[in-house]
Amino acid sequence: MSERFLVEAVNDALHVELERDPTVLVMGEDVGRLGGVFRATAGLRERFGADRCVDTPLAEAGILGTAVGLCMAGWRPVCEMQYDAFSYPALDQLINHVGRYRWRTRGKMSFPLVIRMPYGGGVRAPELHDDSPETYYVHTPGVKVAIPSTPADAKGLLAAAIRDPDPVVIFEPKLIYRTARGEVPEGEHVVPLGEARVAREGSDVTLVAYGAMVPLAERAAEALEDEASCEVLDLRSLKPLDEDSLLASVGKTGRAVVVQEAPRVCGFAAEVAAVLAEKAIFDLRGPVLRVTGYDVPYPYWQIEDAYMPSVERVRDAVRRLLSI
Amino acid sequence: MSQVLPAEGGLRRVIGDGESFPDGEVEGLGPDELLALYRNLVLLRTYDERSVVYHRQGRIGTYAIFWNHEAMQAGGVFALEERDWIFPAYRESAIGLLRGMPVSTVLSWWRGHPSGWWNPAEFNVASICVPIATQIPHAVGFAWGSALKGEDRVALTFFGDGATSEGSFHEGATFAGVMKAPVVLFCNNNHWAISTPLSAQTAAPTLADKAIGYGMPGIRVDGGDVLAVYQATREAVARARAGEGPTFIEAVTYRAAPHATADDPSIYIDLERVEVEKENECVGRFERYLLRAGVLTEARVEEIKQEALELMRTGIVEAEAEPPADPGLVFEHAYANPPPALADDLAELRRVLGE
Amino acid sequence: MSERFLVEAVNDALHVELERDPTVLVMGEDVGRLGGVFRATAGLRERFGADRCVDTPLAEAGILGTAVGLCMAGWRPVCEMQYDAFSYPALDQLINHVGRYRWRTRGKMSFPLVIRMPYGGGVRAPELHDDSPETYYVHTPGVKVAIPSTPADAKGLLAAAIRDPDPVVIFEPKLIYRTARGEVPEGEHVVPLGEARVAREGSDVTLVAYGAMVPLAERAAEALEDEASCEVLDLRSLKPLDEDSLLASVGKTGRAVVVQEAPRVCGFAAEVAAVLAEKAIFDLRGPVLRVTGYDVPYPYWQIEDAYMPSVERVRDAVRRLLSI
Amino acid sequence: MSQVLPAEGGLRRVIGDGESFPDGEVEGLGPDELLALYRNLVLLRTYDERSVVYHRQGRIGTYAIFWNHEAMQAGGVFALEERDWIFPAYRESAIGLLRGMPVSTVLSWWRGHPSGWWNPAEFNVASICVPIATQIPHAVGFAWGSALKGEDRVALTFFGDGATSEGSFHEGATFAGVMKAPVVLFCNNNHWAISTPLSAQTAAPTLADKAIGYGMPGIRVDGGDVLAVYQATREAVARARAGEGPTFIEAVTYRAAPHATADDPSIYIDLERVEVEKENECVGRFERYLLRAGVLTEARVEEIKQEALELMRTGIVEAEAEPPADPGLVFEHAYANPPPALADDLAELRRVLGE
């Protein structure tokens, strides 16, 4: 075990997995010489060579498209998209090929590629460095999605993604890249996809969250300590979703507030609410509330705090729910 | 930086016209090879013509006709080794036939039946790529990845003139140049993208002129001349194998058939030009060349065509004999480890279907 | 009034709107010389000239990207995407520019463009001619989405979209392009965005649907006539969503089944369920059920019927709901 | 089809080195114009240098430095009329200054304050485009649309060497060629895309070699020579205005500063080359040219620099005097007719904020 920041845990996972499996390679813009704009890939080029940590041309569809071909040649590419909103040029390859190619071969070929990217807001950045695009990915068949909120999970989920035979997208909450710090197991460490984590136990309300919204939900739970006992469920994996843990928690508390940075309409909180509306309807003692980003462009950073879910908004939702 | 020559102006040709333009020949191609190539052309032609009939008979669905594209397909593939990979567009749906894929497999694809979906590694033929140009980066990635592994495998990808406008073409070609990938970018320039003429597709003087922008040679060849196509591709493959990187081949032809069975080109196409093209279609051109050269006789022609027809007859029977697909297949193969929700969905579907 | 097929109503709307407003132009692959692969744009080039019905290069991002510039030059472009799954290369322009540019100018410039495309399955087509991509669009801030199910609405919603100052995406259900037939008002006809339509009245269950799922829901309602009184709500507009009509209907029936062709996870049915779980929780007498496409690639057409929502699946859902 | 010449090999230059390479001149540029151009260079340089300081002082956020890119920006824009439009990348964030945009507006953009978002139609300057290359199709569409309306407006768009790898560049350029759009595609080739060198970006011999693939001329010019840049752009603008379509300009330079304030190029860049470039930076080069020509005196230089500094001083004060943005602005401007849900969201937010 050693104390690491979240982004360091990502770097650690890459070192361990590239060491372990000579068919794993890292590719993306500025991942090599620079070691990534967030230093997530620092040291890889020096250690594993320029062929296994590849500075690509500035072309996201090209990155993901060639990664599909690399899989067919026997590689397990880990593609970095430099920022959330710069991954959109690759959506075409994602939807029409990454998510479909295994099916197209009737399961005869695997496409064990990983897409990882820093995502989310709150970092006082220029336009389009703040998106939470998970809906575009999780809605796409054939693609799995995981989002860590702790350094240990950042390492373990990425390792799981690299070893998984299916394409997996890992969104890394850049807001907490260098604030989330914690114990990370040394060497090989795998956190299986599809298992949620109870980040905090409680009995009155379940706060469902993932990524940077987990520490926020924890802070909100703390702030509410005198009023309500909040359980915080860190989904970790959006697809496969750990429905059992979700239903168990809401079955116990009878109330759910789902927190997500992304714009509300068809965001993942809607999926969570829909699962609850289908499978927990008789457990629910009140409405399922969503605390989310809004259906507007992510704003200029001087007012981004008004857009991002906040402790106040979560607390307000919990209070409303408890007052019903 | 490797030296890049400007794209060629004229079209390379080997096959003569029996009159003013004399027949050439391709070094290294003896009678056996020439016959094998001819057999491939006839196989593709027969597949195509029969497919149109099967479509009319309601035995296959919508079908993308490749009539008069056979020289590009057969000539290009003939320059490859079996270990080399082909990345087809939908226009090359039957390219697997040249790699021993059963006719029934390709027909099944057009019948929307699961047995039409093959394992690329079995034939070294990637899946049919329906979205335009998106297979190009796959071919490039495959070639680059193979070279990285020290494997001697070249990738060849087919695409149309229209495809050169897509960002995917550009990004694939850019990667190919930078990675010096052993890949051949083979453009079938049939002058049309459905109803869009080449002049509305690009202002480039020729498509091969795009090659220099990726640091690769651009070759122009008569797409109706299977020997010229073969020769040009062989050159490109040799470059690739020698570690000299990608080549762009523009094979020039004119679409003489509808885009697909659902299309009526009479609204937009130059019908006179189509007639000229039909007269000069590629299988006949090669056939006459071989007859002139004495490699082929009329009797052998007939035999080879009958063989191909026989293959088709068996193929459609086999395709139609496939048992109906199990609806449960909907849930197969999407994931190696599917999310648990899929099992519930399947159970629900089975219940609803009363199974 | 005259009887028209749905695709003819689209064509009619384009004729009327191009006639009415000289700044409207149509652009896309094969929309000119051919009149569109479904003939939706037939006759426009002859009538309005090649400059106002433009055959573009085969480049979807180029189509949408230049359309943004055309707006800045004072045009109102109507962009055709030839098929659903071929619109994905344009998602980058959609998300990063179409949905954001008005905001970026602080409301000083409008981007009154329209994207229209045939969408959906059931047509025995080769791969990737069957997608229902509305989630990718409706999740995107700054973008409105409407989906007609009748010829009259196909005309009226498209006209509304063309006149709307905001970017609007119209998905046209190709399955019923030439089967849905009905009276269509002559000349100008506008159906405002944001108003759902009760396609059939009922009291026991609300079937919420849009596009080709509306006639399906109607058939299911008919098939259930002896067992249940089904209300069919045709949303017509996904964004803005007519929450009032939705809540009124479910408030009355107390039960909802939401039908959608798209893959389930984060599909629009999830949004509908989430709205109900938040705002109608105490009206609901049972779970909100979703009948949707699955989280798998749209299949080969010989088994596509098993993927598409069917009368049987809707009926099953209604029966389950009523048996609770 | 219009004739397209191969891209130029050498770099065009006008400004001499005071030694072996003699000073040239540009026809039509008298002392007034030369001084105006110089003033623009100094304005941009001052803006840039002060911005780096403001960033260090925490008065603006992350900032993309354009030091030594001023000749390309000022030279390019000087060839335009006021009615022509500019479509900048983020590297040209301050380009509006050349169109009378207040300094405070640009600073506000980098301060993440709403007053940094302008109305493009007020300055004929499109919004800063953050995603690489995606502004190129906008410029093309604008130019094409203006021409369709019979309006005499040229569009010029700036982008980097890295941008030429993006599909958006390709598709924009393809449309430009086909539509014969009156647009200038101005590529700042500073040899780096963050840490990615040109050699890892493309195998093309030169970026200008890409032009022929779109049927447009490709010009190469020394990007540190403001007069050469001006002259090349003037030529391109004249072609555009004459209805002859687009031109690709490759202005060649070397990035001598970090990519942005957050970047440490010492890990990857050629530091010796940076030193050479700094010695030869573009503002000084033009200044010495004007001093040699007697158009400028040392005193005037000082005056012009002071003027620019004064503008900056006022600008930052104004930017900092902007009242804090109302959080309610989150809900403004996304839609002309917003969905009703937004009003509810705003009400909720106000309630939570206790307003």
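Lettered A, B, C and D in written order, each chain numbered from 1.
To be clear about the criterion, a residue touches a chain if its C-beta (ideal position, glycine included) is under 8 Å from a C-beta of that chain, and two chains touch if they have at least 3 such contacts.
Note that the structure is a prediction, hence the values are computed from the model and not measured.
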Can you name the chain that lies farthest from chain C, using the mean of each chain's Cα atoms as its centre?
D
Chain centres from averaged Cα atoms put chain C and chain D apart, in whole Å, by 40
Between chain D and chain B, distance of the C-alpha-averaged centres to the nearest whole Å:
44
Chain A to chain C, mean C-alpha position gap in Å, rounds to 30
Shared-contact residues (touching 2 or more other chains) in chain A
56-57, 59, 61-62, 85, 88-89, 92, 96, 99, 103-104, 127-128, 141-142, 239, 294-297
Residue numbers in chain B touching 2 or more other chains?
114, 117, 130-131, 165-168, 170-171, 174, 178, 200-202, 334, 339, 341
Tell me the shape of the graph of touching chains, choosing from line, ring, star, complete and other.
complete
The residues of chain B that touch chain D in their complex are 1-2, 4, 6, 165-171, 174, 177-178, 180, 199-205, 209-216, 245
If we count contacts the way the header does, which residues on chain B are in touch with chain A in the complex?
85, 114, 117-122, 126-127, 130-131, 134, 136-146, 148-149, 151, 153, 155, 167-168, 170-172, 174-175, 178-179, 332-341
Which positions of chain A touch chain B when the two form their complex?
25, 51, 56-57, 59, 61-62, 64-75, 89, 92-93, 96-97, 99, 101-110, 141-142, 144, 164-166, 194, 239-241, 243
In the complex, chain A touches chain C at residues 61, 85, 88-89, 91-92, 95-96, 99-100, 103-104, 127-128, 131, 133, 135-136, 138-142, 239, 262-263, 265-271, 273-274, 276-279, 281, 284, 286-290, 294-297
Partner chain B, residues of chain C touching it in the complex
29-30, 32-35, 37, 55-59, 61-62, 85-86, 88-89, 124-129, 264, 294-297, 299-307, 310, 312-313, 316
